[in-house]
Structures are given as C-alpha cells and as structure tokens.
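Input: structures, listed below.
In the two assemblies presented below, chain A is common to both, partnered first by chain B and then by chain C.
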Partner chain A sequence: MSDDRSGGLKGQLWETIEKSDLRIVVFTLGFVYILFAVLIVLEQGASLDTVNPIVGAWRQITFLAAAYGILALALNLQWGYAGMFNIGIAGFMAVGVYTMALLSTSPDAVSGMGLGLPLWVGIPAGMLAAALVGLLAAIPALRLRADYLAIVTLGLSEIIRLTAGSRDISQWTEEHLNFATGGGSGISLPDRPTDPIFETATGEALIDLFVIEVAGEEFELVSSSIVQRFTWVVVMLIVMLGVYWLLLRIGYSPFGRVLQAIREDELVAQSLGKDTRWFKIKIFMVGCALMGLGGILWQGSQGFTSPNDFEPVLTFYVFIALIIGGSGSNTGSVVGAILFVGLLFEAPRRVGSVIDARVGLDGAPGTFRGAVEGLTSLEIMPLLAYTLDNLAPLQFVLLGVVLVVLVQRRPQGVLGHRTETAAAADLTKRSPRGENNE
Partner chain B sequence: MSDAQSVEADGSASEEVPLSGADIEPDEEKPLVVENLRKTFGGIVAVDDVSFDVEAGTITGLIGPNGAGKSTTFNCITGALKPDSGTVRFQGEDITGLRPDVVANRGLVRTFQIARALDEMTVLENLMLSPKAQLGEKMWRSVFPVARGEVIAQEKELREQVWETLEFFEIDHLAEEYAGNLSGGQQKLLEMSRAMMTEPDMLLLDEPMAGVNPTLEEKLLERIHDLREQGYTFLLVEHDMDVIMENCERVIVMHQGTVLADGTPAEIRADEQVIEAYLGENI
Partner chain C sequence: MATAQDSGGVFEELSKTLRANPGLVFVLLVAVVLVIDLLARFAGQEIPLFADRTLGGDLSVARFGSLVWEGIVIGLIFGLAGIGLSMTYSILNFANFSHGDLFTTGAFTGWGVALLVAGFGVADATAGYLIFVMDGRGPGPAEVGASIVASPLAILAGVVMAAVATALVALVLDRVVYYPMRDRGGIPLLIASIGVALALRSAIQFVYGSGTRGITDTQGIVVDVRDIIELIFGDVEASGGLLGWVLDASVNLHRTTLVVVAVVLIVALHLMLQRTKLGKAMRAMADNKDLALVTGIPTERVVRWTWILGAGLAGVAGYLYVLERGAMDFNLGWFLLLFIFAAVILGGIGSIYGAIAGGLVIGLVHELSIIWISSDLNAAAAFAIMILVLLYRPDGLFKGVTTA
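Our next item is the complex of A and B:
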C-alpha cells in the first residue's frame, strides 16, 4: 500500500505532500487517476477516442471513492473515535435509502411505490430513520460489552435487508399505506437532483466544454452522459467535504475528547465523571445518520435499488477502506476509500482487460484443474486465462490477503499513527501569564 | 485526633465485631462513611460486612494482605461494582450503587491500581478530559459556529489550569507526550493530576505507589501531603506498610474481607491481630 510513498517519489516531494491533508488526498487521487489513464491507454491505445473511457473510469472511481469516503468517515466516527464496533453499515444505508425512496419515489413508479414527496423531505427523513434505527441497536448493546454491539448490528442489518426484500410486507403496505418497497424486485428511485441542470443552458454549456473541433468536425471528447453523472459526483464530493468538516468539529472538541477516552478506557472516562452512555448513543446515531446519507447519495442516485445492494459484504468493504487509510484519522478515511476503490476494487478488472487485450486469451479452462494442468508442461496461459475469467471471486482473495498483510505489517494504516487532536484549542500554547486571572 | 477516632479504635481493637452502624453518624467531618458493606462473587465473600469512615482533611490508609478485599471495597465505593448490601455515604448523601460517573461528579474521584492512562491521548488531552461539565461536551456546541467560540474560550481557560496542574506534579515536560509512552511511575502521577483536574473533594488512590521508583514515590507522597494541607481528603489503598505507617493519620486494616483493626499507625503496630494477619511481617 505504500507504493505511492516510495515509488520513485522519495524525500522532498513526499514531505511537501505530507504537510497538508488536502495535498495527501489530491496526490492519492491523482496517483489513481494516472494509473487508470495508463491502464486504459495500454488497453485501447492512445487516441482522442480514449479520453472518454478514461474520464468514464475516473468518474466511476471518484463516485465510489466519495461514497466509500462518506461511509468510512461515518465509521471512523463510531469505530475510530469511540471504538464502537458497528458491522451493520449496509443495514443503516438501506434504512436511509429505503426511507428516502418510500417518501420521495413517485406513486406510479415501475417497481415499488412512494409518496412522491420532494427530496428535501426524503433525504433528511432517511438520515433520521437511520439514526433512530441506530438508537434501537445501541440501547440494548450499551449495557453489554463492545462485541455485542457488533452482533446486534450485523443481525439488524440482515433483518433490514430481508424485510426490504419481503414480498408480503410490500404488498401489505401497498394496500394499507400507499407505499411499498417492491420486495425482492426493488424500488425505483427519484432522479438525481443534478439532472435537471442539463435541460438548461448552463448544463448544455457544460457539455459543450468537452466538445472540440477535430479536422473541421465536432468531436465529443467526453460523452454528455458522463458529464451529467460526473456532476453528481461533484455533489457527493462536496457532501464528503461537509462530513469531513463535521467530523473535525466533533473530533477537535471536548466531546471528541470524551469519545477518545471511551475508546481507550471507558471506566476511566466514567471515573472522571463522564456519563459515557449518552456520548455513545449520540455518536452512534450521528454515525448511522451519515451512513444513511452515504447510502442515499450512492445507491439512491442510480435510479433503482433492491435489497441486493445492501449485502453485508458492503460493510466489510467500508471497514477495509478505513483500515487501509488508518482508523482514527479522518484524512485516512478518505485516502483509504480512494486506495480501496482504485487499487483493490477497480484495478484488478482493469488489469484483467489490459492483459486480455494485449495477450488475447481465448477458451479459458472451465475448472481449476484444467487451469493448473498446463503448469506441468510449463504452460501458464491456461492458468492466466482462468484467473482472468474468475477475477470477481479472486478479488475477495486479494482483499483478504491485503487485509491480513495490512493488519500484520501496518495496523495503523497508510497514514500511520494520526489520531486527531482532541481539543478545540491548541493545548501546547499558553496564554501570557496574567491574562487568564479569572 | 478527635474522640470519635479513639472510640472507633477501641471498637475495632475489641473483637472482630465490626463497628455498629449506630456509632457512625453522617457528619460533615466525615465525608465518607461505609456501613456493613458486603460483596460476593459466586460463593466467595470478597467483602464481608465492612464498616469504616474517613475524616475530612486526613490521609487514611487502607491496608491488608492480598485478597483482603481492599480493591473490591474501593470498587464498591466508587460504583465500579455494585455491593450486595450495605451503604456508602458521601458528604451525608447515600451513594450506594450509583454509577461511577455520578459518584465522580459528587466529588469522590478515584485512581486505579494499575495505572490506566489513556495511552493514545497526549498528557495534555488526558488532563483536559477531567474538568466537569465542559461546554463542549455537548455535541451541538462543539459543531455550531457561535457556540463553538464559547467552547474554544473555555478550552483556553482550562488549558491554563492543566499546565498549572502539570507543573504542580512536575510532569509538564511530558505534556505533549502520548500517555502510553510514559513510565509506570509517570503514569501514576498523570493519573493523580488527572483526578485532581476534576476538582474533587476526596480522592481514593488505589495503590498509588505500586511500581513507582523511590524518587517518584517521594515526589508523589509530597504532592499528597501538599494537597492534604490544602484541605483535600485521601483514602489510600496500599500494600506497602512503611508508606502507610509513615504517611497516614489513620489506618484501617482489612483481612479476609473484614475490617480487622482501625486506628492510628501506633495503635495498628501494637495490634496483635494485625501482626498475626501479617504473620510476623515487620510492621
């Protein structure tokens, strides 16, 4: 994970980057952008036609990175700051998305049925619902040890997913309450609020920015659909920035100090007179609300959602992103999300298609046996083809290996030990004597 | 010392019969009064009908061999454990079975046998945690612009107090260090300064000298005496007989979950039962 630290960019350059958190994030994103540009050029050759797929890949990476960034920040609030082990992230996302959908989807949607209320009702309501479900999970678990919170949240997230998938519940609510989840076939979602921009002159001007003239003809450098979808990504980035700001405010404060103390040793916090229960409940609810928001911006922005979007594995992806970046660090959460999405989530597939395009592997063996048989006669092609053919499941192996290596070799994550300062003022400075005489 | 003390000393010297509750009136002079405290773990009786009190402005020692029930008594007083029966009164109010944070907020603050510094926080942050009812402990105040200004102002005031406390305990040179990097003895000092930052009325110190080198031990004792002179009350659980005998006005001896003796160091030294309990250990 530390390639970007040492990969030819040693010494001074790294020092300059390390000085500012924004620079770290921009550098990481830039690194991933360049990597993908190179991979796509390797796959499709360098021409003006390649610009569109490159920007498309950038959009996909930034979109997922922003989504995972928001979720990782929310998890950092609960786990990194207060040590609350929430492994029901997918469930809280689902509550947010489904609440928003039930309120804001149009009543005559193709699948599912909503009340057709505006998004400014639906989105806050989704966050509120996620917070309330968080409260529900936290109350019984508070009386128990930390591990039980994990079990409660995991169970709850599955209950939520299965409930959303229930055809019976959907039918019943459709008859009695005028909204429905659509059961296993999912629910249609309102359009992205940024889409109407592209029906105006501003939107068209934006799209025209990426149309250039080549040999007297107009050439669409970046397709209008990518520009349109990238605009939504910008909104997500702004929200992520807002969440980041919120976390800084919470972290750099007496409230955040108590959270850190709870994470370190709850009995000490109590023995100093802190009613830790309320601190934990509050932070858990805020974290869950942010997870709901993350879900809405992500799964809720794709026109359609179903229970399959909220499998528990999503929760573990968020954990991996946070662990890569370094639990406890806000900047780490964002950097971890970018690295996770770029290097672990999207890159293998991309590398696969580069190899496919360059080497041209046909007729991958159907079985693992067929793949390794060739090795006896030193033929690696069948194995390579088999690997590429099974990239999706093998990605899990990669994730597992990375996680094991990371936890063993660098448990503090890429950004290392960067616990945030737990105070609203710089503690190391002292006012000149006499200034603070009561 | 007062007559009350001699009465109790007589009472405890007489037999294993614990002090009867009637002897102990809630009194302003006695901030802490423990009556008939009992705590069992399964079949084991860890604390069996323990009664004692602590006088204001004194250093009282609680000693006893391993397994005598000292730490359990401590935990029952401070709310870390709930006693099975008996009462604990602090400054005239019943605090039996209250949560640790409630007990601490009443002004009865403890430290731990094995120093529990908050390792991943700096010494400064450790101390900043302590002051009670800080504005910024409300999340909204820490987040919203105008309210946050007040929080920052308070932080700056508290920062001064923290530095003064660090100077008092002579650990100001470690201020920016992570607490986990401190030595065991320094962590004990940190714990005590952290407890002092809560502005308590009374401090319960659980083996403050355990694992502390002699130089630091002396420093720690000096601070305790300084603070007592300022009017603080101390209850000290300690293993080290010499420390207790040299520094406490009054000593309570526990043995097998009961109070064996209660009196001045001189009385305790002469107590047959105590000598027996410590099996010839030189007191």
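Our next item is the complex of A and C:
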C-alpha cells in the first residue's frame, strides 16, 4: 500500500494520510475493519444478525493489535533504538504475567495459588520483576555479539517457561510460601478491572446503547459480553498510546539521542564520554518492563494462563509485526501490529470460512495423502477441501514466507522510508557480526 | 614420568589460573561436591549437612551406568546435528534457526522410505500410507515391522534417504533464501532463517499431519549380550567378574545402531576434512573467509558442500533419533534446536569435534541432572549451562581448537 504514490486521486489520498501518524494508524485500522466486515457479510449475508459477529471480529483484531502493538513498541525500543537483539520476549512476558498472578490471584483459585493482593500491587510488581530479570540478563549479556545475545535471551525465555511449568517447584512453593504457579496446568488469573463497571448503572447504560427496537421487540445488536470485552480493549489502546508517548519522549530527550548515537556507532558515543553500557542496560530494562506489561494486558486479562502461552514462537510473531512496520519507527510498530494481526493472523481463517460457506466443500480427506491421491485421477476438489480444512499450518507457512521476503526485499518495512526521531534502523547496514562491540 | 619439580610447576600454574578466575574455583567446588555426593549415593550413605539437607542417598551403579549410556546416545544425536549447525555458523556466518526443522525433514523423509521398504507386501499397507509415514488409519508399527532385526536393509535405506532428501531441501532453501542475502550480515540472515523454520515446520505439518505416531517395531530389539557372543563364538562359560557382568547385560539394538552409524559418519567426516581438498578448503573458509577468497578457493562450491554435509548429517540425526525414540511428530526438531545450539556453543562455534564433544556434554547433563534436580527442569539445566558458557567462555569449552 505504501508504494502506491503515483499521483491521481489515489496519490492525493495517500499524501493526505501520510502527513500525520495518527491518520496512518486510523487508516490502516479502518482498512482492516472494512475488510473484515466485507468478509463476514460474504460469509453470513447482510442482516442485523451479522452486526454482532462483525463487532466481535473487530474486537478480536483490536485486542490482538493493541497487544502486539505494545510488544512491538517495546521491542522497537530495544532493537530499533539501541540495536539490542532480544528474542526472549515471551520469557519477559511470562515473568510479568506470572508475577502478577502469584501476587493477585486469590488463594483459593481453581488452579495455582496467589496471595490475593490487589491488582495495583500485582501489575507494577509484574513490570518490575520483568525489568529485574532484564537487568540480570543485560549486565553480563550486553557485551556479547548480537547473535550471541539472541541465543542467550532465547535460552533464558525457555528456562523461564520450563520453570513456570515445573510441577515440583509449584508444589514446593505451595507448601512453603503459599503461592504456586500450578505447573503445566496453569494458573487462574484475577478478573479484568473493567468488569465491575458492568455491575453498575453506567455499565448497563453502555450495554443498552447497543440494544435497538426492531418491529416492537428489543434486539441486541451487539451482545453484552462483546461490549464488556471491548471495554477492556479500550483500556489496552489507551495504554498503547501511553507507551507510544513514552517512547516519543525518550526519543526526543538527550537520553534518546545518546541511544541513537550508540546504534549508529557505539565507539563514537563512548569517545564522547557516554557510559554506553549503562544506557543500554537502562533501555533494556524499560523494554523488558513494557514487555511484562504487554503480557499482563494480553494473557493476563483472559482469566487463565499456562506455560503454553509463552512459546518462543510468540516472540517471532512480535518480530514479524515490527519488521512489517519497519524497525526503528514507532508508528511503524503500531501499523505493523495491525497489519500482522489483521492480514496475516486473522484474515486467512476468515477467507477460509468464506470459501467454505460459499462453495461448501464436504467430505474433505483426512490426510494430505488422500488429497494427492485425488489428483492422480485429475480431481482437484479433494486437495482444495483438505487445504481449507488445514488452513492453520498453511497460514504459518505464509508467515514464514512473508518474514523471509520482507528481510530480503524490504528490510526497512512498510513505513521505513519515513524519518522519525530514532530513524529506521537499516537492516542492510548492519555489520556481519552485529553492532555490539565485543 | 613427572619429577617433583614438574608437578610443582603444574600446581603453581593451576593456582595462578584459579586466582585469575574466581568463577572457575566455584565451578570446581561444585564439581567436587557433586562427585562426593555421587560416591555417597553409590555407597548408599547419607551425610547430614545442615537443617534437613543431606548429601548422598541411594543410587545403584547400574542405574548410573544406564543414565550415562542414555546421555551418550542422546549426546551423539545432538553432536551429529550440531556439526551442520556449527559448519553453517562458521562458514556462512549466521545462526541457522531452521536447523532443527532440517532435522525433522530428515526424520520424515527417511522414515517414509524405511517404512516403504520394510512394509513391502504387508496387507492393507499401501505405498502412500507408508511413504507418508503412517498417517491416518492402517497397519501399526508391529505389522509393518520396521526394526533393525526384522528389516535391516530398510533401516539403512532410510538413513541414505534422510541424508539425500535433507541435503536437497537445504540446497533449494539456500538458493532461494540465503543466496541473495550472502553479503547481508548475521542478523538479517538469522531472521530469515526464523522465517524458514516457521515455513518448513508448518509445511511438514500440512503434508504429514500433526499427530504423534509410533514408527518402529520394538519386538526383539533388546537382546542379551550373552546371546550375541554365543552366536558368534559358540558357547561361552563365564560368570561373575567383569566378563560375567558384561555377559549378563542386555543391549538395545536400535540404540546400538544409532551409535554405530553416528560414529561411522563422524569418522568419515573427519577423514574427509583432513584428507581431501574440499575438506581443506572448508577449514580454510571457516578460519578466514577473505584469505580463502584471495587464495582462489571457489567459495560458492564450498558453501554448497557445507549445506550438503551439514544438512545431510542433521537429517540422519533426526532419522536416528526417531529410531531410538520410536515415535515422532512435526515438532521433533524444533524442540531440540536449543539443545543443538547448546552443543555447538559449548564446543566452540566452528569446531566440528567441539560440536560432538559439546553434544556429549549436553546429553550427559540432560540425563545425569535428573539425579540432583527435578526431572521437569533437566532441559533448563542444559540451557543454563549454554548461557553460562556463552557469557564466560564464548569461544567454547575447548578454546583454541578451531575447525577440525
């Protein structure tokens, strides 16, 4: 979409949009919203009943986009601003979520066991814990080469996940310390802080906004559960804005200029008397705290979490989101998150169900072999049906291919051509051994 | 024979190194405590320490022996797979995160062929069912009979296929993904390899399905050593003593096959690196790429052979791992990737013998750590060792040994 600046009406439209960061984000989100509205109408037909699934899909997209947005911004701070290649995002998220859970889950939860402290203790403590683990990793690891730092952070994130999933540790802490992670079966989480609103008159009024009268009867345009969950998404969007603002402030500050200097040439920054190591450690800690926050708002808001929520592949999704938008660009991080969630993560499934509803392929073969055997008798239908039935793996093939193509052809991302405070970290210009001096 | 003076010099040197390296003192202390603890366990003694903590406990020598053996077996897999990772890391200059999925590729393609050969003529087992590694419904492992006892030829055909297919896949990937990015530095290549890993793993899932399936036939693969000896030498009259102990033991033939194939491949690779021109060129490129270019080494050809050898070995490792484990799914190599990295880092990136030694160390740590810590943390122990080595000895445990 960004390459289309070829004059005419389209070109003019793009020019207007491109002038402001907010307009770019809103335009992207609007584009994804319209796409999904169209897809759902194609699947289920246009009627008042389709409003609910459309709003539901919008909620899902916005929820994930805000979550990935926060995480991509945090990663941008570490990688885009300071050139630190951290692929342990999932681990830092886990530290945040589990610390929050161990402090704030009630002592008699179904699975796991917390201290039952209020959320305003649990959430900052989660961020603090993530920052401290970041510090622990950063002090020795930041002097390593970029690719070594990558392996260290990945190893650390796996150690965190395995520790959280350990039954023996969970049992031991339950006996001695009165909290427990629940091991592999996971831990229950406290309710979303926005939920109590809906027990008050304000909340009911909010739900009533979406109830209309059709032919004399009350009709629920958007179900109350979606309204309730959308409210939480609004909180997440506000937090994302806050993180964006924080990064902007950091970028404009003298501190941010030092970071930029470090990324461009660490030796020069050192020669100017800057203690580059401390700058990097600080920024690494802030980034890790934000990753913890992202985890808390995302996995921490769903009532339950388990070590499976923090597989390393999650880290790679955040990287894809950031690379789509262009590493180094804050607006790019947000736009990349929206595009990743909308086009790569949710859209393939939707398109699949549209085709399923329109064409109606029954009797899909259970295995790929069955599908290919159909081909020998020149029947393409079994293969199509099998493909539709197994869109999930194909979607991940697509993710991988997109990542490769982006790194090969457009390392600066969709918004990489724009200049921002901490300008795009050009992937092409990295030295073979990364930028960290040994 | 060392004179008193010599040994004095050694001690002096040792104390100098220790003073310079307080971390090493700590490592040595831990090692000493662990050895004492182990000996106490063998003796069945408990030594009270403080509070209710004790050293020692109960552990039979036989159980320890079997843990060591398991560690060596899994360690050889890590080492065999690690060779390729180490080679691409030093010659192409990037950490290849898709190496684990090359491992899986080898396992699936190799077993497809092995099952096809082993299951030839078995009722209800169509060629497609066997080639796609028993997806869906059909005869089980016992009926197909893929084991080293029932059909050794099939197992060997599988080894060859695993190597060939994985090497081909790696060559295609190199041409499409890595070749256009040769001069782009480590991090972009690393990111690209993450994309390749995702795509390759999911493609395998799409084609073969996501279920875990049993593959090998285990009937008659555990045999007594006495039976084998008697088969070769006729009757043996021995009981008691070391010989008796060996004769009374039993071996798992699949594990033995794994060890034999792995050792043969390692020796062959060693000879290739030392004796052939290609091997020399590879070592030269790993040591100093610019110098290699100036000397007129055809670098692209060396890169191609690096992929063929590295991926081929990874494929065989994946295939052998399934032979030992008996079952597989599409996540096989992805889950082992970090262990393979640990092996390579421990041995020093670029060193092939280091990768094997590192693999053995990681394998032993993985198995033996069960004695001391909870079994759901033994993987974490292996990763922790990897991190510590990266932090404090980034050139690997066997510093100074470069490629071959």
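We adopt the following convention: the second predicted complex is superposed on the first by the 404 of 438 C-alpha atoms of A that agree within 3 Å, B and C clash if a C-alpha of one lies under 4 Å from a C-alpha of the other, contacts with A are read in each partner's own complex, and residues count from 1 in each chain.
The working rule: contacts are C-beta pairs under 8 Å (C-beta built on N, C-alpha and C of every residue); 3 or more make two chains touch, one makes a residue touch a chain.
Since the structure is predicted, the reported quantities are computational estimates derived from the model, not experimental observations.
Using the contact criterion defined above for the overlaid structures, shared-chain residue A:246 touches chain B, although it does not reach chain C. When the two complexes are overlaid on their common chain A, residue A:254 makes contact with chain B while staying clear of chain C.
Contacts of A:269 after superposition on the shared chain: chain B is touched, whereas chain C is not. More residues of chain A are in touch with C than with the other of chain B and chain C. Once chain A of one complex is fitted onto chain A of the other, the partner contacts of A:286 are limited to chain B, with no touch recorded for chain C.
When the two complexes are overlaid on their common chain A, residue A:150 makes contact with chain C while staying clear of chain B. Using the contact criterion defined above for the overlaid structures, shared-chain residue A:402 touches chain C, although it does not reach chain B. By the touch criterion stated above, A:379 is placed in contact with neither chain B nor chain C. Put simply, chain A uses residues 427-428, 430-431 to touch chain B in one complex and chain C in the other. Residues 93-95, 128-129, 131-132, 135-136, 177, 180-181, 184-188, 190-192, 194-203, 205-210, 338, 341-342, 345, 374, 376-377, 379-380, 383-384, 386-387, 390-392, 394 of chain C touch chain A in their complex. Of all residues in chain B, only 78-80, 99-102, 104-105, 109-110, 112, 116, 118-122, 124-125, 128-130, 132, 134-139, 141-143, 148, 151-152, 155-157, 159-160, 162-163, 175-176, 194-195, 198 touch chain A in the complex they form. Of all residues in chain A, only 85, 140-141, 144-148, 150-152, 154-156, 158-159, 162-163, 165-169, 183, 313, 316, 319, 323, 366-370, 372-373, 390, 393-397, 399-404, 407-408, 411, 427-428, 430-434 touch chain C in the complex they form. Contact residues on chain A toward chain B in their complex (touch as defined above): 246, 249-250, 253-258, 260-261, 263-265, 267-276, 279, 282-283, 286, 328, 419, 421-425, 427-431, 436.
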